[in-house]
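In what follows, structures are represented as structure tokens.
One chain, subunit A, links the two complexes that follow: it is found with subunit B in the first and with subunit C in the second.
Now for the complex of A and B:
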């Protein structure tokens, strides 16, 4: 079967590169074609990359606490750009301070993301979800 | 004796250079008005008979090569998907092939855009879109739009390889001359413009020369090799990189100020010169060419005035000791844009040419070089670099009529230097200025096709620091 394409990146002014590299490695090992746009990526860069590569999913990471602000309007912009069928995942330290994750998750789901992950999620969790959501059989 | 006859059929002049390749001497230079509207050979004959008068038996030359920018040069339209990605990659490929890019289109072409493409009358279309294995829909749509149009010019397809065959079929079925080549952006943020450049050049040789009425030139030369800007870029690359047995000069920039456009070529990697700077955006080609159609000495003088503003020219003139009112400057610039063959006679007109040349260089280099953006993050400031960092560049070579004929060309070229008032622009900080005094760069680029070693030695002999 043709490899599914994922766009991976760290949004906003966030420079955390280590987790990004680990994710790239884990996702590639799991059989995905990973288009890693790296750290400090803008919403537009995610969208442009997804259009050109015909991506199946966009994986947004954020670790520095400003994720909520950085992600605002992102799912809507994806729709506007014609990326209707693209899965949108987001994960990391998405907000500042100690907030109930269920609350955070709810806010991001309402925003239009399909999956939201708390800090400390292992790549395997996201990989399993991707396989399920994209209909890939093991 | 090994000799070379090298000809540049320009929009205004047909320039001929004759070299002795054993003594590495420029034996003779002549020029005549280009006559492509009537019969290109009239001008060529004139320039060649002047060579004869100087005692040069050009018919015996070992190599006889020509390049041309006459009849509007190689006019291209580039089509891609996302403006910042494949559309930009297609534009860079076209520029690298020496083309004049009329316009760049992105996403799915509308009927109105197709009509616009037709009215632009390009010589060639470069069709890109999608990374390999990426988006297929848009390039297929655009191929169909082109297929349904009555446009009859060659189309170079350099998009998603997964549908290259389909694109070819769609266009071929509609009787279009289509050539498929490698994707200009096979992977996201990976530029691959060489194959497209090569294909464009092939089409230029096979189709464009004839379409422009230049094929008669081949009675005099063995081959009309390439568009003139491609020859200049080839010369710049040869001078920077050298050959197997002759050292090059290292990374450099060439600024070519003409009547209609100002071209900037940089042969440099342009990686960040300072630490802690992150590179963003599409990578730049090592051999990068940009063309500014609104910056020129004559045809584009009026457009230049609109871009740079009369105030800047006024201040620069004042610095040179000439006090002119804004209206006087506007009036003079207007006259220059109409009388395109005017050579300045008075001191004040000479000063104005210097100032216009300086402004053309300043703005063209500004658009060519990269820039740094400061981002304030919760962890302090962070730096993003877009494009090439050319601050450490050591050599800027000046060419083009106004520079090679100027008594103090440094006054024009200093426009290329890093501006402390605009510190985010990564222009050369402390370059040495070199001048193509004999106006031989395009000839060097042509000769490099046959004898790169002699071409380099000649370039080093005649193109010198100020």
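Now for the complex of A and C:
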């Protein structure tokens, strides 16, 4: 079967590079074609990369607490760019301060993300969800 | 003109300064002579330089948190709490990530959203947007020395505003605030920006105001071998000294093996003295800072206190002048003030209890120190060769060639060929030495250490081992053994 394409990046002014490098490694090992736009990626860079590569999913990371500001309007912009069928995952330390994750999750789901992950999620979790959501048989 | 490691003349500085102060409207609030007069009124117990000097003399380890929120009064309340309830000896002001990238418009939006939402939407204090008077209000509300902590490649305006605002210590450097904190900024640019910051601190110094400077020790905070961070810290210290800086705190981030960490803090100071003497900067006050574990933390708060306390033990036994403290919320992002104070109090208790104890000079410790020194000298001496005596040119070429190489850095100006991994005792070694200028003896030392672990675990040292080590502390172990 043809490899599914993922756009991977860390949004906003965030420079956390370690998890990004490990996700790239783990997702590639899991059989995906990974387009890693790296750290400090703008909403536009995610969208352009997804259009150019005909991506199946966009994986947004945010570790520094500004995720809520940086992600505002992102799912909407994806729709406007014609990326209606592209899965939108987001995860990391998305907000400032220790907040109830269920509340945070609700906020991001309402924004239009399909899956929202708490801090400390291992790559395996997202990989299993991707396979399920993209209909990939193990 | 090619950038050199040479003290800037005043006309040149003033010419650049005019542009810097125009980068955001609050720059117009800065008047150097008035700022010097203001700084001179700050008493010794609120000056970093003096408090550090006293702690060093007494052999004490001071404790300092990280902290910063979007709005002025809330920021003051937070720091007051850490001073009074958290018993912090030294206070920070952590700057938000938009300001770090000079995105002052975004920071302004963060300030406004924070007011609207009634909670901080920024991960730090946007000092440039708030301006000189606001910084002074913060300084005047507190009874401890205040330092600016950030991660800003171009911190020129931030330095102007916060130093005029009464801060007495400024973190960062042209390497340590570029390679781990930027993607696309050249080393040459950041070395230039930080020559400006150091020259500004040097000017204050010449006018009788002692500001302390602190290169950021832990770099990417992810399994950085001591020789890499030592080389960077010492090089940045030398660059600062050339611009007239006289007070420096050199840093190192905890790796986790007690012997290696103690050896690291001891050699950091010994090597710094060696190189400062070699370059003729003999009148500088050198102190050290130990950063509690900078990698991934356990989510469980009790387990996090274990990690924090282990860092406190190491800082105290290594006799670091100060320790930067983590919090039990580390795995979840920005902590509450209560969690921040809890980390401080746990650290204070340990540091106080260990005040009169130290580590013996065992053979293991001496070997560790000797290896660190050999590696650091190999790197710095090659930097000097590459620059034909000029440190700035040497550093630029060293990064191109991978002679200095930082693991897991976001910057494309870093070669990224080295890989660290833990040995069987948890010390951080090189799995790949990339283009580091190490001789056969050094390489064989690291190979043997990793082979020993591989044998115990029944696997070849590989990238999987590195990943296991990155996650291991968060999962409750130091060494990432196979599951």
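The rule is simple: the second predicted complex is superposed on the first by the 138 of 138 C-alpha atoms of A that agree within 3 Å, B and C clash if a C-alpha of one lies under 4 Å from a C-alpha of the other, contacts with A are read in each partner's own complex, and residues count from 1 in each chain.
We adopt the following convention: a residue touches a chain if its C-beta (ideal position, glycine included) is under 8 Å from a C-beta of that chain, and two chains touch if they have at least 3 such contacts.
What you see is a predicted model; the values in this text were computed from it and never measured.
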Q) Is A:37 touching the first partner subunit B, the second partner subunit C, both, or neither of them? A) first
Q) First (subunit B), second (subunit C), both or neither: which does A:15 touch? A) both
Q: Report for A:119: first if it touches subunit B alone, second if subunit C alone, otherwise both or neither.
A: second
Q: With the two complexes superposed on chain A, say which partner A:127 touches: subunit B (first), subunit C (second), both, or neither.
A: neither
Q.
By the touch definition at the top of the document, which applies to A:95: first (subunit B), second (subunit C), both, or neither?
A. second
Q) Which partner does A:66 reach: the first (subunit B), the second (subunit C), both, or neither? A) both
Q.
Quick one: is A:25 in contact with subunit B, with subunit C, with both, or with neither? Answer first, second, both or neither.
A. second
Q.
Comparing subunit B against subunit C, which has contacts with more of the residues in subunit A?
A. C
Q. Which parts of subunit A are in contact with subunit B and also with subunit C?
A. 13-15, 39-40, 64-66
Q | Touching residues on subunit A, where the partner in the complex is subunit C | A | 12-18, 21-22, 25-26, 38-40, 63-66, 68-69, 93, 95-98, 119-120, 122
**Q.** Residues of subunit A defined as touching subunit B within the complex
**A.** 2, 5, 13-15, 33, 35, 37, 39-40, 44, 48-49, 51-54, 64-66
Q) In their complex, what parts of subunit C are in touch with subunit A? A) 96-98, 100-101, 103, 106, 109-110, 113, 119-123, 151, 180-184, 220, 222, 296, 299, 329, 331-336, 339, 408-410, 463, 467, 470-471, 474
Q | Parts of subunit B lying in touch with subunit A, wherever the complex brings them together | A | 81-82, 84-86, 130-131, 133-136, 185, 187-189, 278, 280, 375-379, 382, 384
